[in-house]
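Shared between the two complexes below is chain A, which has chain B as its partner in the first and chain C in the second.
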Partner chain A sequence: MARQTTIEERVPSAATRLIAWLGYAFLLMPSLVVLPMSFGTGTEFDFPPKSFSLDLYREYFSEPSWVASTLTSLQVAAASAALSLLIGGLAAYGIVRYQFRGKKLLTIFLLSPMLVPTIVVALALYLYLGIARATGTTWGLILCHAVVCVPYVIVTMMAGLRQVDRNLEIAATIMGASWFGVLTRVTIPLLRPTILASGLFAFLISFDEVVISFFVSGVRTQTLPVKMYSTIHWEISPVLAAVSSLLTILSLGICILVAALQKER
Partner chain B sequence: MRFIAPALVLLVAAFLLPLLYVVYLSFGGSSPSLEKYAAIATEPLYRQVLLNSVYISVVSTGLTLLLGYPIAYHLEAQPPRRRTVLMILVLMPFWTSILVKSFAFTVILGKSGIINSFLQWATGMEGHLPMLFNRFGVVVGMTHFLLPFMVFTVLASLLTQGPELRRAANVMGATRLTIFWRIIFPLSLPGVMAGILICMIMSMAMFITPALLGGRGDLMISNLVEFHVRDTLDWEMASALAVCLLAITGVFCIGIARVRGGQLFGEEG
Partner chain C sequence: MAEMVRLDGITKAYGETVALHPTDLSIREGEFVTLLGPSGSGKTTLLNLIAGSTAPSAGEIWLKGRDVTQVPANRRELGMVFQNYALFPHMTVAQNVAFPLTLRRRPRAEIRREVMRALELVHLPHVAKRKPRELSGGQQQRIAIARSLVYNPSLILMDEPLGALDRKLREALQFEIKKLHEELRMTVLYVTHDQEEALTMSNRICLMNEGRMEQVAPPQEMYFRPATEFAAGFLGVSNIIRVAVEGRGAIRVGERFALSGVPGLTAAPGEVVPVMIRPEAIRLAAGSAAENVLEAEVEDVVFLGGVTNLVVRTGQGERFTVRQLTRRSDAGWQGGMPVSLSFDASDVVPLNGAAPQ
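Our next item is the complex of A and B:
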């Protein structure tokens, strides 16, 4: 078939392309600066570094406070991702598959933590946990992060569920499967990529969350972002370049993983 | 209903009730008064901070649109494969921790940072451009943070435009510029409006960027909330400021729902 040249195959003008590429460069700039810097030496900020080493990474992994905060973050992120995946996944299933009164309003309520400014949520949870004497506890932190993660899980899962062919579920029901059987043997296997993607998103959101953690975490439950925040605020240290690079690689890894999962879907 | 019950319980217990408590405290708690709101309305400090927030948000959102629209337009014109690859350039910073970005910008914009070192080397002159711990730094950091949100929103609206109108206009002899200004741009306006509103919501409530990249004169509402929680221990004032922020957000949300034909998140369909 002859290739048609249509207007939608247009090439944007040179000026548009220039601005767009400047935009891409601006977007990538922080990562491009941080990565080479992390392989620098010593205590000075040099860009590009004069000589390369793994000193900063060594410093990061040998400093107990960095390691401890990283472990706290991993723990909290894993737990809140699991919790929000379970709760949010069920909610998305209920919203997409069932009709009930007040559904629209309930959906908006369930998604509203995405819109309420984080600082407001942070203040509210700080005061609230203060009353419950749970400020600085790990479980308090997990619960707070779950509040932020649940809406994202619901949105991603809703999108995924809408793409699952309902007829497969109906067929299984006709063949005598219970709702639980349908859920565990038809819907969940079909949704596997979406579930993984939502879980990874929730993990990353919790792992990167800083404002709420800044308010509700204690000295012993300081998360990695909170530690980074105070380090940038008080005594910018080159080790931050190593931490930042590791975080960038984590984000990139999850990003690529999710893109691959979407292709699978 | 039984499926959404756990989520409902979590959000009522750990989201709605805490928020209501903030509202309660903002009105004076057990001794009701409008004192804190009166202070916000009259004291110069609060007016200054509100002005800062509006100024920084409007400038950042404007810059984000100027940079984001061409990116979205460029992405839309790419064949799907290439678009996916280029999308990673936008998604990457979206998923990068704001602390990584803030740290990077302190290194890039600082007194002996990358740009100033380069300028000193290139011009051979001493001295530096003040780009960090001032408004410039906040706007740069904020624009960087907002850009992916704008690109996604505008791109989504560009992608829903069918090729028919453009093709028809092309056949009728319209130039590329005419097609853009008479068809593509007007049709993308709801997306642009949604993008602007989303960026305004996020920038008005920004906490990290002004705290790390701004100076003393660039405090925004969020920073003042933190100040009252940590330094003056005036929880009622912090709550009143939070409620004001919530109200501002609410107004913008109504705007978004209007632009999107009654849907805040696209929750139906």
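Our next item is the complex of A and C:
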């Protein structure tokens, strides 16, 4: 050890803590403002709300276009999470478990959607779907979202796989398990928390995604964030407050679930 | 008895580094063979080659008369016990032990019966429903042993299975493994860097050093007739000295000390060869009057209870460790005392391959 860690170094000073809390407050502020607003009434945003009601939520659930875009988002998020789990999981398995030429290059390539600015990816996908005549289709949207989700799945799955003791796989093999047997009876069960966590993250990324969806979704495949975005343009409806609150709660729920899964390991 | 394993010039190199030089070995059915050697001597490499989890650079591996060099690990029908237990954390103890049987699609009732029988063999039938992490290290390793023998593999490989356990537990498990080996007539290839473990458990010891087999012999022979300086130094305490060969089986140790009839001495007269004498084979007497002895002076005395270790130094500057049973009537050895040493020709062990194999 180079030097001793003193008590002062380990406990952050009052100033540091103040800055940290200010940072949190700044980040949390929009949600904290939106949540009370969502219980307001009427046709205007008002903060703080003058009365408490569930009118805005009622409006959200009874308006077919809101419900339709929510269903589209759920469908797309579930499908692209599943697809990116499959692709990302296999890619991570190959990268962690095998040695081959060009491995570094392949890894960077697979992670590149995370490194390139989203708007660039969005434009590229827009042009690409145009050529493939898939603009405005659900499956086109699912593929596009999978492109963004796969890098996150790869990163978390690689970390998870590195945690799996190689000796367990070797032990299973020596006892007679085939490659597939080891995968299904040992590796995947041990990776279960990681698989669930990265699947949930992929779901969340897809559900929140707006830039790419804005480029490639059509009238019949409008996702919830795209619908919210266009609502801001046409009519600033206070229903947005209710939708935003629901989105925040969903994200929070998934994050808590992921944290719980991490603990389980 | 039938041959279980045969290694023919098996070799493993990682790039420039040779982990295992060409090695031959034959293990008979029912034998308990131990690979003994310091860390990095190639023991694990050899075990992994037999298990099939590493591919050899050259050579052949035969199991039960079948060339398995190209056979994948999961078709070799072997059992293996690892130092870190390698129990599946997501399965109960019973599921762990059942694993190899489940893979073989045995009927449920048979699996249940065999699992209980294996757990009884390691005295742990009551933990069947627990998860491995709820067990102590010793219990986990017992479960791993039960899992390795439940499907009657033709050969069980054990890589330092007791390395992570404390001394008392280690001795208890040594005894249990040995007992299982005798009762079930298993063939075991065992790896350890602990010489006592190797001496107490094995039918034969393969002493490994820097990727080579230094000597292969039963424990008694390995201890009493080591073939090389490395073997003599690795097992027990030894005195290794250089002596001049005077004739057939005759050596001169000191000015007034010569011996004839040294067994296994093949060097020609005039050569200087290394020989080993165990500390307990040396006789010690006070003074220096006797004929045909080596004169020396006591340097150090270490009283160990039943035995006393002495370090003595000869006129030529050679040091000997001498081990004596402690007697109450002993005058008491003291530093600086002049003494005379002697030993029998039959206790002199010529080294560097001079011993008969």
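We adopt the following convention: the second predicted complex is superposed on the first by the 255 of 265 C-alpha atoms of A that agree within 3 Å, B and C clash if a C-alpha of one lies under 4 Å from a C-alpha of the other, contacts with A are read in each partner's own complex, and residues count from 1 in each chain.
Operating definition for what follows: a residue touches a chain if its C-beta (ideal position, glycine included) is under 8 Å from a C-beta of that chain, and two chains touch if they have at least 3 such contacts.
All values reported here derive from a predicted model rather than from experimental measurement.
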item: First, second, both or neither for A:Ala172, with chain B first and chain C second; value: second
item: Which of chain B and chain C A:Pro64 touches, first, second, both or neither; value: neither
item: Partner touching more residues of chain A, whether chain B or chain C; value: B
item: Touched partner set for A:Tyr128, first chain B, second chain C, both or neither; value: first
item: Chain A residues within the chain B interface of the complex; value: 6-8, 10-13, 16-17, 19-20, 22-24, 26-31, 33-34, 37, 45, 47, 86-88, 90-91, 93-95, 97-98, 100, 104, 106-121, 123-128, 131, 143-144, 146-147, 150, 154-155, 204, 208, 210-211, 215, 225, 228-229, 232-233, 236, 240-241, 244, 247-248, 251-252, 254-256, 259
item: Chain B residues touching chain A - in the complex, by the definition given at the top; value: 1-4, 6-8, 10-11, 14-19, 21-22, 25, 67-68, 70-71, 73-75, 77, 84, 86, 88-93, 95-108, 110, 112-114, 117, 144, 147-148, 163, 166-167, 169-170, 176, 179, 201, 204-205, 207-208, 211-212, 221-222, 225-226, 229, 235, 238-239, 242, 245-246, 249, 253, 264-265, 267-268
item: Partner chain A, residues of chain C touching it in the complex; value: 51-53, 72-80, 82, 84, 86, 88-90, 99-100, 103-104, 147, 151
item: Chain C contact footprint on chain A (complex, rising order); value: 165, 167-168, 170-178, 181, 185-186, 189-190, 192
